[in-house]
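The two complexes that follow have chain A in common; it is paired with chain B in the first and with chain C in the second.
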Partner chain A sequence: MTDSYLMRNLRAVRGRAYPRLIGSTREPSWFVFDVILPLFTIAGYAYVYKFLDARAELIGYVVLGGAMTAFWLNILWSMASQLYWEKEIGNLPLYLMAPISRMSILAGMAVGGLFETTIQAAMTLAIGAIAFNVVFSLASPVMLLVVFVVTMIALYGMGMMFASLYLLLGREAYHLSALMMEPVYFASGFYFPVRHLGFWAAAGASVIPITLGLDALRQIIFPEGIAEDAFLPLNTEIALLSGLCVVFMVLSRYALRYMEYLGKTTGRLTLRWQ
Partner chain B sequence: MQPAVETQSLTRVFRPKRKKEGSIVTALDSVDLRINKGELFGVLGPNGAGKTTLLKILSTLLLPTSGKAYVAGFDVEKDLLDVRKRINMVSGGEISGYGLLTVRENLWMFSQFYGIKSKEANARIEELLGRFGLTEKAKEKVRTLSTGQRQKMNVIRGFVTNPEIVFLDEPTLGLDVNAARAVRDFIVDWIRSDRSRTVLLTTHYMMEADELCDRIAIIDDGKILACDTPSNLKRMVKMNTTLTLSVAGLNEIAGFDTIQGLNSYSQTKDVESSTTKLRFVLEDESCVSDIVSKVVAEGSKIMSLQKTEPTLEDVFIKLVGRGLE
Partner chain C sequence: MAVMNDLKVFKDSAWLGWQMEANWTDPFLFLTYSIVKPIAGTLILVLMYMVVTGGETGNAFFSYMYVGNAMYMFVAEVLFGVTWVIHDDREHYMTLKQVYIAPMNFYMYIMGRSAIKIAITSFGVLVTLIFGVMALGVDIDLAAVDWPLLAASLVLGLACICILGLALGGVSFLTAKHSIGINEGLAGVFYVLSGVVFPITILPTWAQSVSRILPVTYWMEAIRRAIEPGAMRELADTSGFDVTGMGGISDLTMMLYLLVSVGAFFVMSIGVFRVADYIARKKGKVDWTTAY
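Up next, the complex of A and B:
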C-alpha cells in the first residue's frame, strides 16, 4: 500500500499541519487579533520606558517580547486544548485509529501552529520595530536561528505535553490556560529582562522554555545589553534549552501514551463518536 | 482460510467512574464471531446492544475486558500497527474534519495518515467523489454540505485508503432514502469487485441488514443470539409464507384442495371494487404456479399478487421477545 513507516508519519505530519498552514489565508481576521492587538501592550511598555529615559535596548526587549507572546498564546489556547477539541469534534478516534505514531499528529499540529504563529510574530515584530525605531544587531544569524529553533522545539514539546494533560482534565483545563497567561508574561520576562527577578525566580521561570529562549534571543540581537541584562551565558542557555527539548518530548510522549491507555480502558476518549 | 475478523469470548464491561454514578454495564458478553474474507457481515441489534463497542475494540480504540479479538489474523491488543494499516471505519452521523477546509482537502488530509502519496490519493478522491456525485462539491467548504453529502464524504474518507476490512457503524443513520441508497449501493459494489475485501456493518435497520448482508449476527444486550444468512435466520421462525391474490371476475372456485404444498386458503369478496381476495398459506413455495394457473384457468383476471414471508423482525421478536424498535 505504502512505503516506509517514516514516510507515512512524515506525510501525516504534513497532513495535520495543512489546516493551519492554509487557515490563516482563509480567515484574515487574525491580522487584527494576533498582529495588531499585541502592539498595544508593546506600545504601553515602550512608552513607560521612554518616559523613564531607559536604555534604548529596553524598548527593543519589549518589542521582541511582545511579538513572542504570540507563541505563548498559541501554546495555551491552541496546542494545549487541541486534542480536547479534536475529541469534541470527533476527529480524535480517526487519529487514534490511523497506522501512525500519535506523536506525528501532535507534531503536525505543532508545525502548523508554529508556522502560523511565526508569521504573526514576525509581523508584530516588524511593525513594532518600525514604530519604535528599534535597531537589531544581526551579527550572528546562525546563532539566532539555532536559538529560535531549540526554543520552539522545547516550547512546542511543552505544548504537546499539555495537549494530553488537558484532554484528561477536560473542560476544566480552560481555567488552567487563563491562569497561566498573565503570570507567565511576567515570570518569563516578556517585557523586561528576566535576570532582574533575581536568580532563583528566573531559574524557576526557566522551566518555561520561552524564558531562556527570549533571554538568549535578546543577547544575540541586542548585544549592548548583555552586561546589564543577560541571565545566563548564551551557551549555557542553549544547552539548557536543548535539555528542555528532550525533557518535554519525552514527557509529551509519555503523557500521550498514558492518555491513550486511559482512553482505551475507560472508553471515554471516543465517547463523542457514536 | 484465515478469517478477516475473529473474536473469542470477547467481553467488555464498563464500570462507572464512581460507584454512585450508575451501574456496571456489560456491553459485550462472550462474543464469538468468525467473519470470512469477502463477506459483507452485518451486526443487527437495537440501541445499546453493544454494536459500537464491538467495532471500537476491533478498530483498536478500546480494550476488551476479557477474551480475544483478531483482525486479519492480528491481535487487536498487541499488533496495533498491523491491524490499523488494514482497516478503516465510518460511523453514521460522523462530523469529522475541519470546517475551514474544502471537501477535497479534508479527504486528502485523512488519506495522509495512511501514507498515501498525494497524487494517488487525489486520483482516488476524484474518482470516489464522482462515484457519489460530489464532484461539484469538491471545492466547497465542508460546512456547506447537507447531511447526506456529508455522510457520503465520510464514506469516501473510509474507503479512500483502500482498506482490507472496513467497519461501518450504522452508516446510513439519519440519511434520507436516496443518500442511504447511494451509500448501500456503494458498499455492495465495493465488496463485490474484490473478493479479498471484507465489510463489517452494524445497523438497527432490518431491511438494510436483510438486503445487504451475506450473514447477520443478531445482538442484544451484548450477546450474540443468532448468526446466519438472512434466509436461514428467517427459516428459524416457523412461520409460513402467505400468498395473497386480488382477482376480478371470479365466481365460486373450488378445487384448491388438490394442490400439493398448500396448507389452507380463504377468500373474501370486496363488493366495492368487485374483486375477490384469496389468501393462501403455503407449506411449500413451489405451489405458487399451480395456484396462479388454476385461477387463470377459471377465467379470472389477477389484479395483484403479494407474497408475504417472515422478516428479520419476526426473527428478532422470536429471539428477543420484543420488536426492534
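Up next, the complex of A and C:
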C-alpha cells in the first residue's frame, strides 16, 4: 500500500513536471524571449556600472543577479500563481480529486520549472559573461553546487507556499506577483550587494531565500569582493538557507491543507474569475 | 458615425481597463501598489549609483540617470499594457474570441485598454520625480522647465510607444505565454540603446549607430532638455565634450524625427498586426491557452 502510494505520487510529480519539460521544446521561441531579450536589461545595468567606472566584480554581480531573476520570475508566475491558473482553467478540481498528495503536484511544478529555468539562467549567465568579460572563480565547485541546491530548495519551497496562499487571494494574486518584482529585485540586491542596504534591511530581506543565496553565490564566484560586499559569512548563510528550506517546506504543507479546507468550506475552490 | 463608434469603443474599453486594474482592492491599497512598484524600480538604480559613488547624488549625471529612469516607466509599462491585453483576454479571462468577433474596431479596443495604463503610469512617473526632487536632490526647477517642448515630446513619444505596442500585441497572438518576455525584452532594448540611464557615447560604435535610429533616444533627450535644462548644461560643461552624443541636434529636429517615427511605426505596426492576425486565425491561435 505504502509503495503504491509512493509510486502514485512519484508519477504525479513526473506527470506535472512533464508539460513544463516538453513545453519548452515545443515552444522554442522561449529562447529568444527568456534568454536573449532579458540580456538587454542586464546590459543596461552593466553599462551604468561601466559609465561610473565601477569595480569589475559589480558588473559580475549584475550578470549573476540578472540570470537569477529567471528563478524569481519562475517562482512568481509559474509557481505562486499556478494553482490560481489551474483553478481558472479547470484543472484544480481534478488535482484535488486525484488519489495523491497535493504536495506532489506542487513538487512536479517545481521540478519542471526548475529544470526549464536552470537552463535559461545558465544560458543568460554564459552569454552575459562573454559579453561583459566577466571572470568567474570556480575554485569551490562543490560549495557552489551546495549553495545553489539549498537556495533552490528554499526558494521553490517558498513558491509552493505562495501557490496555496495565492489561491485564496483571487485576482489580487496577479497584482501581488507584479508588486513582488521590482521591490524584491531591490530588497534582495539582485543588481548590487545587499550589504549596502544596511544590516537590518538586509536581514529583513533574507526571509526571501534568493537574498542569501545570491550573496553566497557571489562570495564563491567573486571572492575578490568578499571584504567589501559580503553580508554574512558563507557558512552562516548556508545554515540559514538550510533552515529556510525546512521552514518553507513545512509551511507550504500547512498552507496547502488550509487552502483546501477553506476553499471547500467557502465553496471557492472552483469559483473562477473572482 | 464610424468615428463616434470608435470613440465609444475607446471610452468603454478604457473603463473596462480601469475596472480590471483597480477594482480588485480598495483605493488606498491600489494607491500604495501604484507607488511602491515604480519607487522600488528606481531605488535599484539609486543604490547601484550609491555603491559606486558613496552616496553623492547632487550632481548632473545623477539627475540625468534619475529622470531617464523615471520617464522610461512609460516605455516599459505602455508596452506591457498593450501586449498584456491580448495575453490577459486570451489566457486568463478567455474572452478574446468574443471580443474579437464583436462588431467594433479592435485597435480602438486595445488602445482604450492601454490608455488607462498610461494614466496609472503617469501617476507613478510623477511620484518618482517628486520623490527624486524631495529626497535625492534631483535637479528639476519648475520655473526652468520648457513646457511646450515637454508637452510635444510627451505626446509624440507616447504615440510612438503605443503604436509599437500594437505591433507587439499582434505578435502576442502567435506566441505562447511569452507575452511578458516580449515587451520586457523590447523595453530592455530601448533601455540599453536609447540612453535611458547612461549616455549612448559609452556604447560600442555600432550600437551608437543603432541608438541614433531609435525614436526613444530622441524622446529621452527631448524630455531631459525640457525637464532639466540646468543639469544637461552642467553635464556638458563638466564632461568637456558632447557626452550625450545628441548635443548637435536641435529641439525642432528631434520633434520632426519623432513625428516621422510615429508615421513610420504606424504603417509598420498595422502591417505586423494584420499579418499576425491572419496567421493566428489560420492556425487557430486566437483562443488558445498555454498555461502549462
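Keep this in mind: the second predicted complex is superposed on the first by the 267 of 274 C-alpha atoms of A that agree within 3 Å, B and C clash if a C-alpha of one lies under 4 Å from a C-alpha of the other, contacts with A are read in each partner's own complex, and residues count from 1 in each chain.
Basically, contacts are C-beta pairs under 8 Å (C-beta built on N, C-alpha and C of every residue); 3 or more make two chains touch, one makes a residue touch a chain.
None of these values were measured; they are calculated from a predicted model.
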Here chain A is shared; do chain B and chain C fit on it together or clash? fit
Is A:43 in contact with chain B, with chain C, with both, or with neither (first, second, both, neither)? second
After lining up the shared chain so the two structures overlap, which partner does A:142 touch, if you call chain B first and chain C second: first, second, both or neither? neither
Which of chain B and chain C A:196 touches, first, second, both or neither: second
Between chain B and chain C, whom does A:227 touch in the aligned arrangement: first, second, both, or neither? neither
Which of the two partners, first being chain B and second being chain C, lies in contact with A:23: first, second, both, or neither? both
With the two structures laid over each other on chain A, which partner does A:51 touch: chain B (first), chain C (second), both, or neither? second
Which holds for A:89: it touches chain B only (first), chain C only (second), both, or neither? both
On chain A, which partner touches more residues: chain B or chain C? C
Have a look at where A:8 lands relative to chain B and chain C in the superposition and call it first, second, both or neither. first
Looking at chain B versus chain C in the superposed three-chain picture, what is their shortest Cα distance in Å? 6
Overlap of the chain B and chain C footprints on chain A, residue-wise? 19, 23, 27, 89, 273
Under the touch definition given earlier, write down the residues of chain B that touch chain A in their complex. 14, 17, 52-53, 56, 59-63, 81, 84-85, 87-89, 91, 93-98, 100-101, 105, 108-117, 157, 161-162, 169
State the interface residues of chain A toward chain C in the complex, per the touch definition above. 19-20, 23, 27, 29-30, 32-34, 36-41, 43-45, 47-55, 58, 77, 85, 88-89, 170-172, 175, 178-179, 181-183, 185-187, 190-193, 196-197, 273
Which residues, counting only chain C, touch chain A once they are in their complex? 24-25, 33, 36-38, 40-41, 43-45, 47-53, 65, 92-93, 175-176, 178, 180-182, 184-186, 188-189, 191-192, 196-199, 202-203, 289-292
Note which residues of chain A are touching chain B in the complex, please. 1-3, 5, 7-9, 11-12, 14-16, 18-19, 22-23, 26-27, 89-91, 93-100, 105, 263-267, 269-270, 273-274
